[in-house]
Amino acid sequence: MEVRLDTDRSKRKGFSEVIFCEGKSDKQLLRIAEEINAQRLDTAFSRMDETQFAAVSSVIKEFRYDPVSRVGNTLFGTIDKNSAEVAVVSAGSTDVPAAEEAAQIIEFFGSKAERFYDVGVAGIHRLFNVLPDIKKADVVIVAAGMDGALPSVVSGLVSSLVIGLPTSVGYGIAENGKTALRSMLCSCSPGLVVVNIDNGVGAALSALAAVKPKRADFSNVNLPDE
Amino acid sequence: MEVRLDTDRSKRKGFSEVIFCEGKSDKQLLRIAEEINAQRLDTAFSRMDETQFAAVSSVIKEFRYDPVSRVGNTLFGTIDKNSAEVAVVSAGSTDVPAAEEAAQIIEFFGSKAERFYDVGVAGIHRLFNVLPDIKKADVVIVAAGMDGALPSVVSGLVSSLVIGLPTSVGYGIAENGKTALRSMLCSCSPGLVVVNIDNGVGAALSALAAVKPKRADFSNVNLPDE
Amino acid sequence: MEVRLDTDRSKRKGFSEVIFCEGKSDKQLLRIAEEINAQRLDTAFSRMDETQFAAVSSVIKEFRYDPVSRVGNTLFGTIDKNSAEVAVVSAGSTDVPAAEEAAQIIEFFGSKAERFYDVGVAGIHRLFNVLPDIKKADVVIVAAGMDGALPSVVSGLVSSLVIGLPTSVGYGIAENGKTALRSMLCSCSPGLVVVNIDNGVGAALSALAAVKPKRADFSNVNLPDE
Amino acid sequence: MEVRLDTDRSKRKGFSEVIFCEGKSDKQLLRIAEEINAQRLDTAFSRMDETQFAAVSSVIKEFRYDPVSRVGNTLFGTIDKNSAEVAVVSAGSTDVPAAEEAAQIIEFFGSKAERFYDVGVAGIHRLFNVLPDIKKADVVIVAAGMDGALPSVVSGLVSSLVIGLPTSVGYGIAENGKTALRSMLCSCSPGLVVVNIDNGVGAALSALAAVKPKRADFSNVNLPDE
Amino acid sequence: MEVRLDTDRSKRKGFSEVIFCEGKSDKQLLRIAEEINAQRLDTAFSRMDETQFAAVSSVIKEFRYDPVSRVGNTLFGTIDKNSAEVAVVSAGSTDVPAAEEAAQIIEFFGSKAERFYDVGVAGIHRLFNVLPDIKKADVVIVAAGMDGALPSVVSGLVSSLVIGLPTSVGYGIAENGKTALRSMLCSCSPGLVVVNIDNGVGAALSALAAVKPKRADFSNVNLPDE
Amino acid sequence: MEVRLDTDRSKRKGFSEVIFCEGKSDKQLLRIAEEINAQRLDTAFSRMDETQFAAVSSVIKEFRYDPVSRVGNTLFGTIDKNSAEVAVVSAGSTDVPAAEEAAQIIEFFGSKAERFYDVGVAGIHRLFNVLPDIKKADVVIVAAGMDGALPSVVSGLVSSLVIGLPTSVGYGIAENGKTALRSMLCSCSPGLVVVNIDNGVGAALSALAAVKPKRADFSNVNLPDE
Amino acid sequence: MEVRLDTDRSKRKGFSEVIFCEGKSDKQLLRIAEEINAQRLDTAFSRMDETQFAAVSSVIKEFRYDPVSRVGNTLFGTIDKNSAEVAVVSAGSTDVPAAEEAAQIIEFFGSKAERFYDVGVAGIHRLFNVLPDIKKADVVIVAAGMDGALPSVVSGLVSSLVIGLPTSVGYGIAENGKTALRSMLCSCSPGLVVVNIDNGVGAALSALAAVKPKRADFSNVNLPDE
Amino acid sequence: MEVRLDTDRSKRKGFSEVIFCEGKSDKQLLRIAEEINAQRLDTAFSRMDETQFAAVSSVIKEFRYDPVSRVGNTLFGTIDKNSAEVAVVSAGSTDVPAAEEAAQIIEFFGSKAERFYDVGVAGIHRLFNVLPDIKKADVVIVAAGMDGALPSVVSGLVSSLVIGLPTSVGYGIAENGKTALRSMLCSCSPGLVVVNIDNGVGAALSALAAVKPKRADFSNVNLPDE
């Protein structure tokens, strides 16, 4: 058996498995789609290309796809809205795909994602313009490539947890996000944590884990008994 | 002016600045101690060696010091207890200093730190023995050096946010914590975020930022008006 | 002479040379195929693409090819079955090609390969479900990308030699398997050794070398006299 | 509780925990020594300095220490000899401490260690002089620093499993063993696996795991019932 | 001849050689001191320890030394003041030694150094307080360790050339200044250039080269004819 | 809002934003082009491919494009010439695209760019032939890949600020410009600063910032009131 | 002027410039071809693809091209044979392109290249078979990828200078030749020097420089007076 | 047997083994000294500290030691002078220990070492002053730390083989010689080869191997029959 879907995850974690599509064969994805469809288990898919979207939606009728973030998800209607609110900030416009991956996952799991894009430190007045709104969020995700300096600045200004999301945007010594990642990890700003490069899903799920109490004690997913 | 204390931080972040002592001259630390003492601003100090402890406590009478974590802090009594609870887990016994740095900071800011030490994956039954208690915490910090595998395993089993705290414990290709750091960042377990190597203070303050609502809306620190 | 086939290897090592196809020109491969065919020396080929398969099978009639692992091999029937049994475990479904490369080579040389796929630490109960069967094997190979945490966990639970097979699966700081490789090397679990990234052949041949006594003293390959 | 001894390990792995002393406080080691002494559980200690040796042997009377390898071990007499034989080879004389760490651990667990030191590739005739004896072993451990070329050469010549043990010997781009480690991992010689830099204990325990059948089904350690 | 003083440098570059003391033997430094003293060529020394200061000042009577920056210099009085003004900014108080090395060299060559220390991004209001004064400078040097984010922010706000001076301050993945260096190089802020880690002398001399016209056409050093 | 053009930059920095095209979607670029066209704000675009050029010039009629440097720019005629002169030097002919990116940006902002190409250290007489002309410039930019040795040599010979521009030209251990970058940062030549690999725009804007006084106090761009 | 041919090189170095084609535009190569053709200066071209070969041979009639090594060269007949002999050894058959690049350049400049291919350490008897012939050469070049162990072994056995030529052959931690390069640099075998990865031209020209006396005092190229 | 002296090396390589002292215990060195003394085999020792010098010279009466290079050697008088001449060049005065290690070994084996120290590219006229003398040598060794640019420049100007000797001199991104090493490997100058960082012995022995014909066909060492 090549694929073992972790159907137990909602019970353990409060949210279902997000299927990472990159590197999976069509055969593997179709098998996953069939299992999900049979169980009517609401599920999101990340790093999904157009071909994979076509394959999965041939099996699951209730399915949507966002080409910017490459996130797809089922629409079985089993997940309720909750009151948690996450600010999703991006330094540049090329960081939007990673930021949007986070935003789409947050919305899929019933929370609210407020977007603040293209507010990097090269023109820092753009950040100060939107800062009061960012401060209202329960958690803040900040996507940045190149020097990765924006999460440090944001984290120095807000009291919520800030999740740094380094992106692979950049060239030369930016080394596909490694400099942004390292820079965020070395921030002196308190309350800043970091996920892997381009890991919008991880940033989103960590934000949701942090606001767990607001997600109504995990009751927003219909689970069979243990 | 060589040192500008960020006395405004409590208002912005909900907790006062933690003074990082490594690399600071005695002259700089004494000046900081005098300013803190004059303001009666409850403050913690990290990476403090015995000599620095002696210097600072010569200025501030209400001061305590923990040699394992090298954390010191004032005892002005301005910080109230709150109901937040953080589990602090360590993979090995040599990871205890980093874990304990986190635990001490959590306690300094009025939250509860529950310790679960030496439960690494080489003998994974040790983890399962204490798992039910770890699950009760609002946030979980997991300190690990070497392969840094423990936070991945924990994060797969609990629904709270897990903060991976890589430690510089190890030798050879462990490269002073770089392998543990990278391993944690690459985890497939959802809800795992990471801080810099040996950054117990950062792990603690991020845990506190995540449980902000439980810290009574920042009212636990007496602040002057803005 | 550009290519010197190591036809002496079976005598020295107990198994014949496995031909690594990547980077070899069709001209080089055809020459190798002709020499093998003339000697009727049972031989496996790794990292073989469809074009190379076509070229070699045009020379050697008794030939099979597995597209998932990209392993091909002759079917001259000179290799007998033996009683050695190797468990081949994978953390994710995208690690299957590397794991399967190992499994195919093990089977080619007459041993038994038991597969346990998609049992990574993000849902660790999947591992415990199959652990009793893994424990029966003489040697265990564990393929994992990303954080490479699974071999550490397995090695803490079984008494056999565990061979960590890091895969290039992952993104960002996973750096094409480097993090998985480093993580496995830094494991505290006793009895874990490591091979190069995606080196399924190396993992398989090391497993076979470890169980040498069960392979009937090298007598399973018909060798000319020295 | 800072230290949780993995007393269950013999049952799971067939050999007891080896205590890594580097970074452990005297307080921690004394506690471990007392527990071991009370249980009469035969145990080895690695990376032990003279001070730690003094501390532990003040608690455990039946104790010996080897200053070259920095391995110490109890002498409770609970471990029987077995018929497994491991060849321990070193490239240079400065690689001896790492090689000897492996040899001492092998002997502690009742197997035989045959030493072949200072036979590196700069004068390769030295290796050929001892090759017939190396070939007799069940498993071969090869310690090498600098370019780490020796394990490749040995692995091309023997049919047993070869465990490459990179050492931190060297300067400049040898980078404390990283070049040796990488070189061994990239070997084309079949049947070569690798452990972390200077990890003599890991090499020894992996050799023992590989020859498990010769260690009489784990019966050489007296264990309480599960 | 082991040492060849580049006495021609003032003519080529507009400022005399700064002697880097680290790694030079006392014998070498004494020889340099004697040559400088004989020529009455005003010269600065960097990375000078107390012992080296004692050695050189035993030869040159007109000599001063600053222990914070470890810069020493002759006082022959051959260098005139000029109108150039350089702002020297530091992120933290531990970055002061590197910043001060730059400031001392700027002052030695007759320009004005305005210091703005401990204004890092964790408390960014501290920067905005002094920004109007920083804007007045002809060139700005910004010293920062850890995440190296401050130069990016400053460079987004001022129209002068900004020279990023990464410092070795930090721990873990800060890797002795490498993260700060990389982060500065990847800034999107226009007008930011970078020098080597802790290279305060290089930052200072580059600032002076940029404001060359204000240094009165190199006439501030008395030079013999070519 | 995905894109926030920093229209305020001219006032802060003395030159308008240069739009980095790589990674931007056509939709994003068209939106930027429309905003620029509406404001008649003279703007340059870097890393622009032919398709992007077609898209932008469909919106902006007054537009030119240089395929070697991949720089495009509007021709609204709002930028006046100034008296600043920058020498742009390249080590090899393959470094020309990066060097030319710098030269085009310098010319776009009204300064003069003097080109000296293919004068690397392997045939150093080529440099000495043009040195007198290089010395006349206000600032010198030196582009080099491979060993990056040329900026060191140039900086030892001229009194102006030298900006090292490492290029991704090279193979093997040149690692896409990392060796050139590191080599320039380690130069002992005074007055040498460095920008990111292939960052011709950054080199140009830094050169312009250094010669700010010659650019007539920022009056060369028509700006609306603050 | 974008391209400055170093026509003076033969006089300085004893051999003419070898044109590196990768990254050069057709326009640049045609210009070089015309200049060479006009001067009748015998010249080799490396890293030349089929298109570039077509372009250059459209200008220069006397031209040949070797597709395995991608070396092309003019046939003006100005270079005489000399008595120097270089052994060119390769570890594997995939290392042949790099080795052959060296061999072709050696032959172009009139020396003799003796090839010994596919004699790597995994089957070391293949090396010993040809060792007596390798020993006859004036200099030995050894090309190897993966672990790069062969040059170490060869250098321990011959008295001539050995030039290690690391190749980008390999996968995983071989990192495109970096492991081979590092391994060769760390060899303990005396008389081994190293060039950049895949730098066959550099290995060849260094071999020729080493045997300079045998190349008849540089008289084999017809040069104009200085 | 921990130490196996390679007494056969003179016959194979034309020069006896140079004993690398770093990391060898006094016991090991004394044993080597006794064997050398008994055989009257003239031998050099590198990286020898004062204590090791005392130990060895207590056994061997005919012994000398140079503290700058830390090279010691026996004075049995068995090695004759030869006509080979090697130029040893250093970029800075702090590179002298590495350069001098090479020079001492060259002289020990009977060749002539001409020293040209402190002629780095920051003041390149110093190099041109001594260039005519450097050109007279059979081989040139160039020691440089920091940016490692000098060997590139020298190699562009002389027709002999140039051996780049990177030194660990430098700070920051010089990373203990790694930048110098990489820079030398990436040089475009033909005829430049490289050895490990600080490997003066390797540079010297390679120079001697290159000039083998001038060393009188290996007859300068009195060897017993094979």
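For reference, chains read A, B, C, D, E, F, G and H in written order, and residue numbers begin at 1 within each chain.
In this section, a contact is a pair of C-beta atoms (placed from the backbone, for glycine too) under 8 Å apart; a residue touches a chain by one contact, two chains touch by 3 or more.
Because the structure is predicted, anything quoted here is derived from the model rather than measured.
Touching both chain D and chain G: give me those chains, sorted by label.
Both chain D and chain G are touched by C, H, going by the contact rule given at the top.
Comparing centres built from CA atoms, which chain ends up most distant from chain B?
G
So, what's the distance in Å between the C-alpha centres of chain H and chain A?
57
Nearest whole angstrom, what separates the Cα centre of chain E from the Cα centre of chain H?
36
Give me the residue numbers in chain H that touch at least two other chains, ranges are fine.
Residues 9, 122-123, 156-157, 172-174, 181, 185-186, 188, 190, 196 of chain H each touch two or more of the other chains.
Of all possible chain pairs, which ones touch?
A-B, A-C, A-E, A-F, B-C, B-D, B-E, C-D, C-G, D-G, D-H, E-F, E-H, F-G, F-H, G-H
With touch defined as at the start, can you tell me which chain G residues reach chain C in the complex?
Answer in residue numbers: 93-94, 96, 117-119, 122-123, 125-126, 169, 171-174.
Which positions of chain B touch chain C when the two form their complex?
91-92, 120-124, 146-149, 152-153, 155-157, 170, 172-175, 179-180, 182-190
For the complex, give me every residue of chain C touching chain G.
It is residues 1-4, 6, 8-9, 17, 22-24, 28, 166, 168, 176-178, 181, 196-199 of chain C that touch chain G.
For chain D, which residues are in contact with chain C within the complex?
9, 12-15, 18, 20, 139, 156-163, 181, 185-186, 188, 190-196, 201-202, 205-206, 208-210, 212-213, 218
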